[in-house]
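All chains are identified by letter, namely A, B and C, in their written order; residue positions are counted from 1 within each chain.
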Amino acid sequence: MSRRLLVGTFTTEHDLLEAARASREYGYPIVDAYTPYPVHGLDEALGLKPSRLSRVCLLCGLIGVGVAMAFQQWTSAIDWPINVGGRPFNSWPAFVPVAFEVMVLLAGFGVVFAFLGVSRLYPGKAADGPASAVTDDEFVLMIEARGAATDTEAVLQLFQSHHAICTEEDDEDETAPEPPARNWRRWNWVLGGLLAVTVLMNWTLGSDPSRPNAEFLPEMVRGVAGESFGVHAELPRGMVMQTPEPGVIARGQMPLHYQATPKDAERAGEELTNPLDGNDARWQARGAAVYANTCQVCHGASGKGDGPVSQRGIPPPPSYLAEKALKMKDGQMFHVLTFGQVNMASYAAQVSREDRWAVILHLRKLQKTGAAP
Amino acid sequence: MSEVCSALREPLVLGNKSLAQVTEDVCAPLERKPTALWWTAFLVAASFLLLGVVAVTYQIMTGIGVWGLNRTVGWAFDITNFVFWVGIGHAGTLISAILFLFRQKWRTAVNRSAEAMTLFAVICAGLFPVIHMGRPWLAFWMAPYPNSRGSLWVNFRSPLIWDFFAISTYFLISLVFWYIGLIPDLATVRDRTPPGWRKRIFGFFALGWNGSFRTWHRYEMVYLLLAGLATPLVVSVHSIVSTDFATAVLPGWHATIFPPYFVAGAIFSGMAMVLTLMMIARKVMHLEDYITTRHIDAMAKMVLTTSCMVALAYGIEFFSALYSDNPYEYFVFMNRALGPLAWSYWIMVGCNVVIPQLLWIKRVRSTLPVIFVIMVFVNIGMWFERFIIIVTSLHRDFLPSSWSSYAPTLVEIATLLGSFGLFFTCFLLFCRFLPMIAIAEIKGVVQTVADAARVGAGANAPTRAASATAAPMDALAVSEGGHA
Amino acid sequence: MREQRLQEEWDRTPLLSRKCGQELSPVLQTPPRLHALAKGMMALGLGGVVAGLIWAPETVRAHWLLLSFFGVSLGLAGTLFIALQFVTGAGWSVALRRVPEAMAWLLPVAGAALLAGLIAWPEFYPWTADDYYPHSEWKRLWLQRPFFLARAAIYVVLWSALALPLILHSRRQDDDANFSHTVASRRWSALFLIVFGITIWLASYDWLMSRDPDWVSTVYGVYNFAGLFTAGLATQILLVIWLRRLGPFRNVLTEKHLHDLGKLLFAMSTFWAYLWYCQYMLIWYVNNPEETPYYIQRLQGAWQPLFIANVVLNWVIPFCVLLSSAAKRHPKVLVNVSLVVLAGRWLDLYLMILPEENGFATVVVAVAMTLGALGLYFVVFCHGLAQAALVPINDPYLMAPPKRGQDL
């Protein structure tokens, strides 16, 4: 189906505007106008309503902000929450900037693509305007001649009365021209072929799920040094982390040849002496500090076994002022601290050897002050 | 609408141009061979660019150790340059988008090149965060994509990730905005070019534009929407860049005023760069009728305004440091003014606060060479401002035992020069191959000879009394004006 | 010189007759009922103050400061609006310029009230207490009553003194139509902008931020500026629409004016939200114990819904409602949004001042005092508007609507 077009070319926007207004008044169907720049008032003259692209923009923006906020929430609070400086996992004030940027990005691109789509603009499209001088300095008005309903002469007369420099009658063929369709079909073959090749390669070459996929720049993923818990045949027992040989001791740690038995506790009392000087204020202070941190909870500040833990249901330890404790030697106390006794566990891991001797100094002081009236 | 003519409003385009003349004036430089001047400038810029490429290649292959950074001063030239270039880019969006929303028609002569300048500045800016990484080839880890590391996500709470999103959004939206504006102009060039490969390239990118008004109608809406989006975008981008510093605990960095202060500073330096480029371009490409002294005057006034805002921000920061009763804050500002880097502080104050005040004087604003020199000083001053903020706060912070000094290495200086080379190379290529003025927009504001004749012949330019008695209310009402 | 050329062109065109001027722009005649209502509200306010001094003294102090600062900021917003329009050479708002000029009358009135409050009630600020002793000598010097009061007086006097030439030149131009008034106004506007820029943040530091003398936020001044300008725009919108309903502006105010004012309101409210977010997010993020108490106090208990309502009233509602172009032109929508913004501004100041008293008496006193202040400001505004013609009839920008090829 083709239609007959009446085309008038003008040299100023004013003439075009007046001609368009007059045409609308007379009810001539205006196909379009062509201008080198957007002429104000022409949208009213053509009867165009405000574009609805603003709604597309708003919609895309809302989607953008929603998706961005939701994604940040999910990654930071649900999927893999990481404590960064104590900030709450769901830190909405910190999520606002990214959400805002994504909103703008989506809104902008959405509205631009919508515009290009609706206006049928795409790369490589051939220009199909009435005249190439439109982009320079000419203004064109295009009216459709609908059979006998439109008085062709009157329309051309209207154009002339508004100082048209040129008027034409054109037949416009409305069927789509062949070449673009042929181009699309060619592209379809190419892309379809590529898809087929990809599928074929995937099927034949396949992938071994037991081995890692292609990696980009693995760098330090596979180290040169042996992995700590891996198997290395060249090493004894295949282990990187070897156990120490029998008889090996840590530096500075002379071994204690005692068992965790009462008999050995007594033997320790006979054999070990406190290497620290009881009159040294530093060691006394140290002992007091360690006692307050470690022992006071059960034994109490005065050593009577009335610490807060003992008052809450744990069996209270015997008092230091009891006969047995007063008679106990330093070395046996050291054994008790190292190996534990009855309800008391070993404190060897928490309290260093020196600190244990210092605590014993403090215990003696408590016994002295407690015994005195 | 009444057409009272008054000398209060000067014409935007001089010389009584016709529309065809406008096309000719803007497109002619693209069609003739580039001048010797262009080649000289291009070769100089390209050699700076080459210097930068060599420096950056060396630095990526060898490591960040070739820079002068140390444990105390972890950021110096790299981030200074980054913030500097992002700031320069902001004036372009201001002119394109914000002035559009304020219906300032004079922007039409400068907005195309200003937007191009924004794009090139953002490209220069975006290089620095990438090269300042230890392993730039892993820069894609900044993007939150599902991965095989447990799906380790980026830290969305970090301003550095906000930067990544902000700069890439800013680049993409500026590109789109610039391109949408270019489409009608590309069509104009396409229609002027004789058939050949040039016509095909312009035709490809012109998307088949034919001047249809239905398309123009939607185009105007899209342009308005993009301008409305770009305005908060540009404010948000430099605010996010400022939060790189403001979210830290360092005195001199943590100040709630940083976002608006940085935005004002960005407009300040960007406008100075626009003026620098425009003043050269209008002379070289004979566009004095389009980029008139009025445009330069308006932009110089904007530079003056933002200079005052920046000066105010300096004052507020210093005063607040005193008022806060915090000795560390107080020390930072004293150190800036009197410490080992005081020379750079006083360069900054002189170039940003003192020298632009000359623009109050009308004589100065009308003397173009003086404006040019002032703008160069402004750019120097704004570079130093970023340097001061970063380095003085870092090199002497809470613990005196960590205090250190900083000196740039040749590699860093070469990288900075290279970024200027990249910027100017891109801009020169833009001037050579694309229309530097927004042809369609300026045709919309040019008052042609035909229009003037029509106005003169039609309505008798009424006197105030006549218009008052004849149509009193019309005279009081404001007539239709701009796009929005 | 260009000015001389313009002056010559101006002299050649005949003057508008005074009779014509009277026809075009009568002087305002406030409807007597409204006047009576305003006077009644003032009386109510006075009663509220008296009652409050007995039963809720801290509330009286807080609201006195709040409402007088509110008045000063409306006056400043009016003057600022005029100054910006002169400096940018804008012509769209010239027909409405008498409205912000009348708003500037609030500067001396509310300023005097503010000074009176500052002088009468030193206990309003914690740093007046004897045991307040900051480490730095500088801060001790700055936060001293005599210096503080002197500064406050200087601010108010400076503002009033710089608003005055703008108003006077505008009125004289009605009579002699001399272009030099526009030139002079431009210069005074530039000076006002510079002085305003420096004094507004100092004033907000002094009057509002020193309520907690250990807390500093560098963006506080800019934040207050955004708030006051938004409130000023909302007030202007209300007033121009009221004047149109009343009659005089029926043929003066067009849809375009409303659209522009609506756009400005939309933009400034978003700018306010941006600054609010800057301050909140940066303090939240750094989590510095020197700064966080400010927000922690305002998020406790009953303050929390008010804190959220602050953002909703000042930004969320204006943004969502004014997003569409049609809404920005619709008088009813603009009136509603402006009322919301003004309520939001009141709430913003209330949250900044953070009075501690509560109880039924405080609510009564607050409502009474607010109504009283509104009544007073309305009376002052009408008085200011009645001093001259409603439209600056001989303004050159008014008589030179732009044609194609020129700026607005």
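Keep this in mind: a contact is a pair of C-beta atoms (placed from the backbone, for glycine too) under 8 Å apart; a residue touches a chain by one contact, two chains touch by 3 or more.
Please read these numbers as outputs of a predicted model, since none were measured by experiment.
Located most centrally within the structure is B, per distance between chain CA means and the overall CA mean. Taking A-C and A-B together, the pair of chains sharing more C-beta contacts is A-B.
Subunit A and subunit B have Cα centroids separated by 31 Å. The distance from the centre of subunit A to the centre of subunit C, with each centre set as the mean of the Cα atoms, comes to 43 Å. Multi-chain contact residues, meaning those touching two or more other chains, occur in subunit C at positions 281, 285.
Multi-chain contact residues of subunit B, defined as those touching 2 or more other chains: 232, 243, 451, 480. Residues of subunit A in contact with two or more other chains: 50, 54, 87, 94.
Residues 50, 54, 58, 85-87, 93-94, 96 of subunit A are the ones that touch subunit C when the two sit in their complex. In the complex of the two chains, the subunit B residues touching subunit A come out as 18-20, 23, 135, 137-138, 144, 150-159, 161-162, 165-166, 169, 172-173, 176-177, 180, 183-184, 187-188, 190-192, 203-222, 225-226, 229-230, 232-233, 236, 240, 243, 440-441, 443-444, 448, 450-451, 454, 480, 483. Subunit C contributes residues 277, 280-281, 284-285, 287, 323-325 to its touches with subunit A in the complex.
Residues of subunit B that touch subunit C in their complex: 1-13, 101, 103-106, 232, 235, 239, 243, 246-249, 254-260, 308-309, 312, 315-317, 320, 322-327, 330, 445-447, 451, 455, 463-465, 467-469, 472-473, 475-482, 484. By the touch rule above, subunit A contacts subunit B in their complex via residues 11-12, 14, 32-40, 42-43, 46, 48, 50-51, 53-54, 57, 61, 71-72, 75-76, 79-80, 82, 84, 87, 91, 94-95, 97-98, 100-102, 104-105, 107-109, 111-112, 115-116, 118-130, 132-137, 140, 217, 219.
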